[in-house]
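Okay, got some structures for you below.
Here subunit A shows up in two complexes: once beside subunit B, once beside subunit C.
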Partner chain A sequence: MHHAYIDKFAYQDSPIHRLDARMKLLLLIVFTAVVVALPRTSPAVLACYAVGPFAILVWAKIPLRFALKHILIISPFILVLALSCPLYDRTPVTVLFGPVTWHTSLGWMRCFTIFGKFVVTMLALIALVSTTRFNVLLAALHKLHLPRLLIIQLGFLYRYIFILIDRAQHILRARAGRKMRNLGFKTELKFAAAMLGSLLIRSIDNAENVNIAMRARGFDGNWRTVSKLKIRRADLLFAAAAACFLLTLHFFIRPALR
Partner chain B sequence: MHMANELLSVPVAAGTTAIAAAALGFVCKKARQVVTTEKLALMGVLGAFVFAAQMVNFQLPAMPGTSGHMVGAVLLAVILGPHAAAIVMSSVVIIQCLIFQDGGLLALGCNLINMALVPSYVGYFLYRAIAAERHRSLRLYLAAILACVFAMEAGAVLVPVQAALSGVLVVPFRTFLFAMLGVHFLIGLIEGLITLAVLGYLQQVRPDIIPGHLPGNIRLSRKALFATLTVFAIVIAAALSLIASDLPDGLEWSYAERPDQPDFEPMVSKPDSTISAVDDFQAKYSLMPDYSVRTEKLGSAADGESDTAAAWTSFAGVLGSALTMALIWFVAWALRKRQSLKDSPAT
Partner chain C sequence: MAKAIELIDFSYTYPDGTCALEGITLSIEHGQKAALIGPNGAGKSTLLLAMAGFVKGTGKVLIDGLEINRKNIKKIRTRLGSCLENPDDQLFMPTLFDDVAFGPLNMGLEPDHVTKRVSDALQTVGLADMADKAPHHLSAGQKRAAAIATILSMSPTIITLDEPDGSLDPRNRSHLIQMLRSLPQTMVIATCNMNFAAALVERAVLIDSGRIVADGNAGSVMADLELMAAHGLEVPHQLK
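And then the complex of A and B:
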């Protein structure tokens, strides 16, 4: 296994890791909705909202550099959209920010807000994913009445992603070792097709073996989990704290920061 | 084309999520009749295959430095059938959101519709319709490429529409639409070629995998490639010019009346009470035209003071947040240090 597990920090232990997954998921949805519904031209208030996910990340001992680096990797699409705002919206505004006065356009304000919202919501999402093991998350989704078929599918998928990615990397390395130059589109396409085809065939054969092994152990198409999901006092405390945080920001801080 | 949270307003996100959830529930119900227990493992592993396949890239012609890869919706639909493929692609999109953070949580509904449900069904039925029972090479060739292109475009069209419905779009709707269509036309074409090539390979090596009978050898001649490109360029150019002249901003109704651009002349009136009700609902939740007040105020001296005060509060807000974060980090660091000091003598 050569690549880093993206959710490797989910296997640590901290008070945040021990919280109920359903609670975390619902809080994340509420938080994301609140942040997305914020006005589109005031980046300042976003800094206050960032405190929440930041505190959780620090408390759960997730390295911030990991989170920020990951956000940077996934940001190109949103960056293109954000940077196109200044091109289309040139309404001049004057921003007074403490000691600094800044003459700029509404487009830039929008650009900063879009990117700020992206960073804050992604921090929150990373905070959930890297404090919750995926099988626990699946159990939570099962309890929240997602279709059984989808849950089974997600479970299998997560189990095999990293194995197949590893295999694909072996194939890619083999090609890199043999191919010294660009061979033209047709040949490249043929090579890629052969690589994908052999990967597919191996996956299908693998699946057959997995199926036989699972049937031998009594798998009948039903997903059984030893689910230990229980709302405890810590969960209620956490939810109350999060609610306080959001309500304070909404009613006291947000009106002040125009 | 992963949709981001920031391109959506909360009502649109809720609506698309509801639609996606209902559709997915329906698909799962349908799939229960088709999917046997033996197929469960196959579906799971093929989902993982989609991830791995996206790493296998290849050089594109005429664009040095860029490389293409497969998305896989049509290939899965051909192998597994539409319902199972829709479920597999949905699970891929969900994992991309939860584990790899591609596309936001609020945008999950949109992404499920755009990238999983629509492409699987559009691709499958187009493929079935064109590639008849007795497959012939040319029809198969057309079927794979058309299915991939239209599956891709059908999903891509929805992105600007959803963004426009949210009223978030700053870029003009038509520019965004054409950009999406153009880019995804190329992606779809490459997807079609690679899907076809993989189908050809499978036919040679393991013909039992694909239902139906494919011709023994699918040839990709340079002439055919060139002809396809030309034909598609003409078709798409014609189609785009038709759209451009036929629908003069008909889809822009939602942002034509943006409250934040009062001088923007609305081109379509809203005679329907439902539409205006939806608009009001949306305005209540997503729009806060506070900055327009501020721009009007700029000239007057009386408001200068309150502006300055507001400036200092926002400064204080940002500074306070930064200080809070620093404090949290410092406390955590100090606690951890004490912890490690406590641990070290024992070891």
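And then the complex of A and C:
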């Protein structure tokens, strides 16, 4: 299997990678909440907020191209929402961006704010996922008392999604090898239904086997793991630095750029 | 002393009415390495599932003298480790460490003890430096070894393996043979690969259509050209 794993850089080593996953997760939640709660704001303010995740990505040696590529993949979903703003709010507004003056509408401002917030929060999310292994992230969620069933489901999803993708690719390849002409929409639809059915049946079969493997190793419904998470001085220092960054932005930078 | 595995007149029929196993009477001594050989659909995998208590039929199944029932099943799970045919079914946790630790944790061992067992098991199968790897990052040979480590960490006295050589290249198959030979546990291996079986076991049990057709010394059962051909099998090249 050669898939583009979203956490492929999480196996590197850097001071950011070594930080406690709980701390990183909590900081991401706080950072996202702060950015999302920002009132309609200028691109300059959002750019200042982007400095945080950007610095983490650079420090952790995560290629920015990788981060931007993933933002680009998800951006169409948010662009649909953002681009609808200029259509219903055309109130004129003037924006100052350093020496540049821009006459635009409130709708476009909203559009840029939504998209800007999306990019900044996605940068932070990618910074977290690229510096924290998925299993450690699950352990952090467990320590933060998220519902156990949800964590188990996420673990299975991460473990088996690639196998499912692989199987779908095999079926598509087998079909491509025998498809000699365009079969028309109806036939294609029938094929898609048969493929999904086959994937579903094989997934059920897999699930039954996994259940046997779990029971064979004494699983009784209680999920037990060995936790290796530990808060150290570096984690506290990082949290303090992140808090200073957010407070400086809130009390000094934002009023100056308003 | 009780036998490691004992089946007495065991029969099992699938819910659709297909008879999978019929009148199986078989006993495996402690320390013995036996192969269940037979063509596809003969009932080998079902027999392994019956030994682990996953299919309930008529007759008796005893593991280390304990009859498989609700009361004994926990004890039996710690004595008999089952390794499934597909390692992707066996390795369901996000990392190798978590997978190998899954059994010992369910046995109620302390975290320090669990960590020791995990490192010992991974050492035995040659994956000591891969504890933090995700299973989907392992090769087919490594996955197979990891699947065996998941049961070794529970320190079972009996191990059942379903087609352990499936999809392995010759080098990985040879590594697997060496590793399995080095294990002291009682072993029951279901396989269609006669060369693999001949290299590993001292006893062969030939099954076809849910019945035991032949049972004896691996060399003599697998060298019988007529018998092997009659059941769609081949004589291993070591015995030709």
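Note that the second predicted complex is superposed on the first by the 252 of 258 C-alpha atoms of A that agree within 3 Å, B and C clash if a C-alpha of one lies under 4 Å from a C-alpha of the other, contacts with A are read in each partner's own complex, and residues count from 1 in each chain.
To be clear about the criterion, a residue touches a chain if its C-beta (ideal position, glycine included) is under 8 Å from a C-beta of that chain, and two chains touch if they have at least 3 such contacts.
Not measured: the values here are computed from a predicted model.
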| item | value |
| --- | --- |
| Contacts of A:D220 with subunit B and subunit C, given as first, second, both or neither | both |
| First (subunit B), second (subunit C), both or neither touched by A:G197 | first |
| Subunit B versus subunit C as contact partner of A:T94, first or second or both or neither | first |
| Larger contact residue set on subunit A - subunit B or subunit C | B |
| Touching partner for A:V58 - first (subunit B), second (subunit C), both, neither | first |
| First, second, both or neither for A:N135, with subunit B first and subunit C second | second |
| Subunit C-contacting residues of subunit A that also contact subunit B | 134, 155-156, 158-160, 163, 206, 210, 214-215, 219-220 |
| In the complex, subunit C residues that touch subunit A | 49, 52, 54, 74, 77-78, 81-82, 84, 86, 88-95, 97-98, 101-103, 105-107, 111, 114-115, 132, 134-136, 150-151, 154 |
| Contact set on subunit B toward subunit A in their complex | 2, 4-10, 13, 24-25, 28-29, 31-32, 35, 37-38, 40-49, 51-53, 55-61, 70, 87-88, 90-92, 94-95, 98-102, 104-106, 168, 170-172, 193-194, 197-198, 200-202, 205-206, 209, 220, 222, 225, 285-288, 290-291, 294-295, 298, 307-308, 310-322, 324-325, 328-329, 332, 336 |
| Residue numbers on subunit A that touch subunit B, as the complex places them | 6-7, 28-29, 32-33, 35-37, 39-42, 44-45, 47-48, 50-51, 54-55, 58-59, 61, 64, 70-71, 74, 77-78, 81, 84-85, 88-89, 91-99, 106-107, 109-110, 114, 117-118, 121-122, 125-126, 129, 134, 137, 147-150, 152-161, 163-165, 167-169, 171-172, 182, 184-186, 188-201, 203-204, 206-208, 210-211, 214-215, 219-221, 253, 256-258 |
| Residue ranges of subunit A in contact with subunit C within the complex | 1, 133-135, 138, 155-156, 158-160, 162-163, 206, 209-210, 212-220, 222, 224-227 |
